[in-house]
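Same chain, two partners: subunit A is paired with subunit B first, then with subunit C.
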Partner chain A sequence: MSSTAVSTPSRFRVPGWVAPTGIALLFVVAYLIFQGTGTLPHNSEAPQFAAVTELREWIDDHRNDNPVFLYFLNYIRIFVEALFSLLQTTLYALGWPGLIGVMGALAWLAGGWRVALGAVAGFCSFGVFGLWQASVDTLALVASAVLLSLVIGIPLGVWAGLSVRVRKLFTPVLDVMQIMPHFAYLAPLALFFHIGAPAGVIATMIYSIPPAIRITALAIQRVSPTAVEASASLGATRAQTLLKVHLPLARSTMALAINQTIMMALSMVVIANLISAPGLGSDIIRGLSRAQVGIMLPAGLAIVVMAVVLDRMMVSVAKRDPRNKIGRSSLVVAAVLAGAGLIAAPLLPREWPANLTINLVSEINDVVLWAETSWFGVTSFIKDTFSNLVLNPLEHLFTSAPWWLVAAAVLVVAWRISGVRPALTALACLLAIALLGTWEHSMRTLTTVAVAVVVTLVIGLLLGVAAARWDTYSAFQRPLLDAAQTMPSFVYLLPALALFGTTRFTAIFASIIFAVPPVVRLVEDGIRTVPATVVEAATSAGSTSGQLLWKVQLPMARRAILLAANQGIVMTLAMVVVGALVGAGALGYDVVLGFSQRTDFGMGFVAGVAMVLLGVMLDRITQGADRRPSPTKGM
Partner chain B sequence: MKIRLLAGLLALGLAAGCGGATVDTAPSSTASAGTATTSGAAGTVKIAINPWVGYEASANVVAYLLKNELGYQVELPEIKEQLAWEGFETGDVDVIIENWGHPDLKKQFIEEKKTAVEAGSTGNKGVIGWYIPKWMADEHPDITDYKNLNKYAKLFKTSESGDKGQLLFGDPSYVSNEAALIKNLKLDFKIVTGGSEAALIKGAQQAQAQKKPLLFYFWDPHWLFSKTELVRVNLPPYAEGCDADPKKVACDYAEMDLDKIVSKKFADTGGKAYDLVKNFSWTNEDQNAVADDMTNNGMSGEEAAKKWVEANKAKWQAWIPA
Partner chain C sequence: MRESPDSGAIGVEGLWKIFGPRAERVLDSDDRFLEPGALREKTGCTPAVRDVSFEVSPGEVFVVMGLSGSGKSTLVRCLTRLIEPTAGRITIGGEDVRAASPARLRELRRHHVSMVFQHFGLLPHRRVIDNVAYGLEIQGTGKAARHARAADILSLVGLDGHADSYPDQLSGGMQQRVGLARALAVEPQVMLFDEPFSALDPLIRRDMQAEVVRLHREVGKTMVFITHDLSEALKLGERIAIMRAGAIVQIGTPEELVGAPADDYVADFVRDVPRSHVLTLRWIARPPEEGEPLDGPALPAVTLIKDAIGAASSSSRPIRVVDGDELVGVVDRVDLLSFLAGQDVSGLDVSGSDASGSDAVATA
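Right, the complex of A and B next:
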């Protein structure tokens, strides 16, 4: 695998740079001649958009008399709503002391007193922030979505794990699902399932199901074939082998699958508020639309806390030795915890007592205001300079170039990095974007993504190389990266918003801090996996540490770096699109607008499709690394 | 055994789904689930919250009275203007407390789908318009005529608007003719979306205090007018029907009687809560006072509502149903 990477750089030096430079020159000349022609300016009344808007009006009119809705889709909606209200009612019925007790007990069983303490403290913090009800709503949403994901995802995963053919069928679909930005899921769901909690649950479920399927399949595949054979030769039926051999042996990986599913659900559940799902997302969106970090921060923290508590619980379940049964004493402690909570529930006030809440809204707003006013000079200078010198010229370049020139550029670049087939797929996506009537806005989004990705890669490479070279630095950085990757994406919007107000730059800033951690990690791992013998050989041949890095480590880690670029792009796209909530325009804004103004629904819907196409295109361009990262890591 | 169970389930499904399932045949709306644990409460009212502070002021005062005078539970879900209309059907929304026109939605949801009904005026007069800080009008007296806007377009350029002048807009969900106006009046301006009321307010305050040029979308009633001097730009005057076709609008916004819209369900079964909502009516000054407290005096919606309610007993007592 690594040998191919070494041979290329040095041998054909002359053609190595002449051909690309020539081609690049050709593009520059073509641009200078043809700029301004063959552009596809945005038309918000394009017939493609109007058609979808009309479809939506038709569906709204016939939601209650068309058989597809009457006998199929509405039943799904009703079933999901029933599940959600069941969970919500149950959680409310426990009361806050009951829920805290039960969570503490579960956490105790999962991982002992530390985890239990964390869970109790975490759930108390929801009350302290004054967000108890919103948190419980969010928990009910997440629980419904995760339950459904697991009920559907695990059987599919087992199937894919047992059959190569099924796996081949699923992989591309799951790939696309994971490239899709959250935003793209909303419009179609609103179309078929209307708005409100059930639509939110379904959106969250669809978003969070890929890891459930993927990791389960992986876990089943990894079960040692000898164990399976032994079981078969002892006369076990297929069902017995599955239940008694596959599933128990895959248990800890499956716990990870559940964990990933929960994390994905938590990051989606906020966005689902755009289609009127209840919960903490409501506070976040409220804060965003009032530009008040003070409203958002507690809600954001509550989600992070929920993510961390659930993550710790699931990770401890995954880590526990399966032979080590839960002792009776643990059960007693858990029962006492849960019991204490449940008994206290009717005795204590029904709602979290108001004097135990801390309202920090105005304090946080003051701090943000202070930061804004005292750093206003610096931040607005950075923002304006960056916008004027980098963003605007680049945006002008992309939008004024003829569409065929952009298409040709994409084809050539993708071909060179990833080969013929991915290049053709990328081209097809781009042409579809043009046909959908979203060319100009896609080009604007592409600009933002491109800028963010370049900065992300530069920072990611620097930090990754640093971590690979100095162990102490790496040890310091790891926990930070871990924490960063547990946080739901929109949390990163907060500091960006506090510093830069609502502009495109804000979205870029947020997507950079969102995408840097996985890039750093992939780069570090890539460099660290360069065989020690190669490094030693280079050192003993007298290379300086700089030479070692440039001539040996980086070229040999090329694949990992490409993979990092790929991850970085997918994550940046997702974030830039969500960044529409803080001032990034183009496709993401079209989606937001589609939910805000009925007449623009079609445009928002089509913009969602264009995002997916853009994502697939960018993914294919950078797919030179032929394998996606192991799903247990990263996202 | 299994077959019998299956048959039973099937029969149950058929019985339940004789005519299929419509969106509003939901088992129990989310709110009633929330209140299931409270015994003796009068019920839950869901007032959608639209993202501007004047709306929130009205919603909070009504919510305060519903809670404290009539014993209702109140939920204030954050749902934007047009989605809120759809929420009437799904049961996510009972009340829109301040509606700005929306004749198209009225036709669709009140006349055709019959999921919503009007619940009378809020007493507030609302008007949307384009504004500039006062210093600009002092320096360039002719700038308040839309015909001269192009002459000054350069002044309004920002890093977000490129080579055109910037027209700062608010939340994407707001009522807006801006795109059509710019196109039909051939203005050399670009709409830049600030994303929120707060962005507009901040922009306006900075523009007047630091003498920066700014053209922005804004509306009355608003507390800002009593704190910062703003001047309205005159677009071609409104005439009956000039805004009938949203694509061809080339005139200013009309002054509107802001009104309340409630779901059909709430109007039929809302009891005293519905009566209170229907009776609610106050002045622009009342709303501005509450909104000002919420924005500038560090009060939460509930605190500001409490303050107003305590000081204006005579006004709200007329709203409380007998």
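Right, the complex of A and C next:
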């Protein structure tokens, strides 16, 4: 971390900290002089917003006579709608006993009796929570979206895996897609596909397609080149090599791609309720917006259960040794399971029997209320202190600084951390945010993100270092991290909401617990991959373990730590935006408002764009010079 | 152009392969004569094969050797256009390979030429028998027929009883036998080997070399064999080509390479070879001197020098070196001893009487 600014070898060596400090001082002075000038306060009537609202009005009026809609977009919508209703009708037609039997059978084939038992118990729990119908809707939504993602994503992934040129074309697009917060997809889709299930499916599909493409491409790329060459040398056509070599060898990694796609879809499907997609999302969103944990807890649990069941199934498929062909006896068991369910379906009542459900809404609300009131002192103390000492001053700083000063600061910081090109991109994003009329709210969101990221990184570093140093602790922590990473993002809002009610702080708390696990994991892996020989050499030179950490392990894990910071920022941003539902305000709130208030649609839409710009900006600032090879470095 | 290349002859003429974006342009300029390093510096292109020409006659074992990075793998892949050559002419069985359409090229790869790879390239998700039958499967042969054929080949390479194993359940040597079987299963006229045994340990390598020699005797294919191991080259090769930086420096029989290396590079290459194990009496026979007795034991001119030592020590008279009935020359004990001591009688060794000769004897 030496300063590159003062590299001239002069006899009066300027210490490395002088230039950064000088620049920082300069900024402080500029802020003190210009504070309050050049701010761009929020105006919800801004012409930019109005223009988009008008565009929507126009589109709604012409949805059925403009050729682009008539002959293209509407057909897509009709097709997706048909797919969704087909799946939905099929799932309903199975009836609850049938669906449970079929899922049990599939899980049995995928991973044996444990997984099957999990699947049966999991699906029963949907009924027990009294959420059978909503769960089936969600399942149909996820299934449609995942199906579309795979149908489109796997061929694209295979193509990208086979061709370097295509890969180079896709990578930047996928990079941007992966840092877009969920919310950002909603408004444009509502614009083009109207609200409802089809738009929800398409939004979910777009959100979940990057891993399908990326991991498939990776899987294909990793196929042993000698095996491919051997196949070609025997005169195989490209199609033969693809079918007989690439795909079978990529199989288990591709199962992970499918798994990842399902997980992404599950976390999006809830948010899609904002554009009126049916399913569990409606309870969750309702619970969030009324701050009633009792409403959202069962639905949240149902989503988690669904995620866990599907994850177990897909992971078992990925792990299964393809040589153990599914035996006849397994098929018989599966057929019996599925058959039992299907035969039971007409015999048992159509609806999940009411006496088998438990309704805990009011009990949970009571517990939460009790918790809130009895811990009120503690939680409100934490909340208030934090808000007064950290959040408010920082927010004031960001919103009262002139826009050009913020822009200059971003440019300098990004330049220093990541280099010229990323810095220019970051600057461009910031300027676009200003032009869109979302400056003030973006600055507020930025404050929340910044605070959450700092806390996340501190906790993540501590836990990561601890895990890297003590194996027993690491072994204890791993399964927790694994579990945390299968959970759909908004689930983290639940405990936050229960503890802190609806405030900005709630969103911050949720995003911290959401983003900490991957950061911990990256830091731990980064430190652990420091070559053993280097550690040995340092130890034999007499370093204490503290010196070893500070002088060897952390510096050598710098790249992993930068990546962790980047990941933490992207995840925090996504969560802070969702946190709008529990009081985080600013951009996320604008988006939510855009869906509920027709006149504010424009503002919501633009806020979504601003989020993406903010995401790209933060990503560029922290991507570190070496995270992704820049296109110029290749040639 | 002949319709079916049923003879295994290979002809290569002026073959070039330059990796990089503007390969064609480099080839048309004088830059192509630059050394590979300099060329890469100047144009960003890597010349891997540079103006290579050779002929392999049907049934011959032709060995290509050279240091790592000298372009051997690239050369052998160019033969069936697994790597597309930049320029030159390649014929296999009289057919112009570079002019072949994609379909015709596939035909050629399916039926006439097959290849064995250094890292085996087996398909881990298929049983051994399905790996061996892969080439036939690609051709559309029915399952029963291809399995029958694969089973035959498996017993030919000594893998009876392993048909239902998976590749990773076999040792390295056995895996390479599977690779060999897969190449043999399509009944090619030509087999290409790219350092097939360099990933194996020395004992297994020796077994596999013996296996190739045996197979060559039994099935009589044309073989192009890449290696960087000189003893392997000497053991297998009827003729050996030595490559350096993409170009062939010398082509010849083992005897020619050891006895008359074309330049220092080749001489250096063959320096550690025990020359008495490679050279024959023909190399050291000299015309009889006046009055030299000509009633000593007679040995054919193709006798290896090391094998003549016994005869020389059991008789005090010079050995008569004969080719059929004709006397080629004589070799006496002094000749033999001075050859073994590194003082070359016929003066063929360009490196003269440096330490290498005595080294060779010491290792012999």
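Here are some notes:
Basically, the second predicted complex is superposed on the first by the 610 of 635 C-alpha atoms of A that agree within 3 Å, B and C clash if a C-alpha of one lies under 4 Å from a C-alpha of the other, contacts with A are read in each partner's own complex, and residues count from 1 in each chain.
As a working rule, contacts are C-beta pairs under 8 Å (C-beta built on N, C-alpha and C of every residue); 3 or more make two chains touch, one makes a residue touch a chain.
Just so you know, these numbers come straight off a predicted model, no measurement behind them.
Considering which of subunit B and subunit C touches more of subunit A, the answer is B. In the superposition on chain A, A:289 makes contact with subunit B only, not with subunit C. In the superposition on chain A, A:248 contacts subunit C only, with no contact to subunit B. Once chain A of one complex is fitted onto chain A of the other, the partner contacts of A:553 are absent, as it touches neither subunit B nor subunit C. When the two complexes are overlaid on their common chain A, residue A:260 makes contact with neither subunit B nor subunit C. Within the superposed three-chain model, A:387 lies in touch with subunit B and out of touch with subunit C [touch as defined at top].
Once chain A of one complex is fitted onto chain A of the other, the partner contacts of A:592 are limited to subunit B, with no touch recorded for subunit C. In the superposition on the C-alpha atoms of chain A, no part of subunit A is touched by subunit B in one complex and by subunit C in the other. Subunit C makes touch with subunit A in their complex at residues 77, 80, 82, 105-111, 114-115, 117-125, 134-135, 137-139, 166, 179, 182, 186. Those residues of subunit A that touch subunit B in the shared complex are 44-45, 60-61, 63-64, 67, 69-71, 74-75, 77-78, 81-82, 84-85, 88-89, 92-93, 95, 133, 194-197, 273, 275-276, 278, 282-283, 285-286, 288-292, 350, 359, 361-362, 383-384, 387-388, 392, 501-504, 581-583, 585, 589, 592-593, 595-599.
Within the complex, the subunit B residues that touch subunit A are 17, 19-23, 25-28, 30, 33-34, 36-38, 49, 51, 53, 77-83, 86-87, 89-92, 104-105, 112-113, 159-160, 162, 171-173, 176, 179, 193-199, 202, 246-247, 298, 300. The residues of subunit A lying in touch with subunit C in their complex are 224, 226-237, 240, 244-245, 248-249, 251, 322-323.
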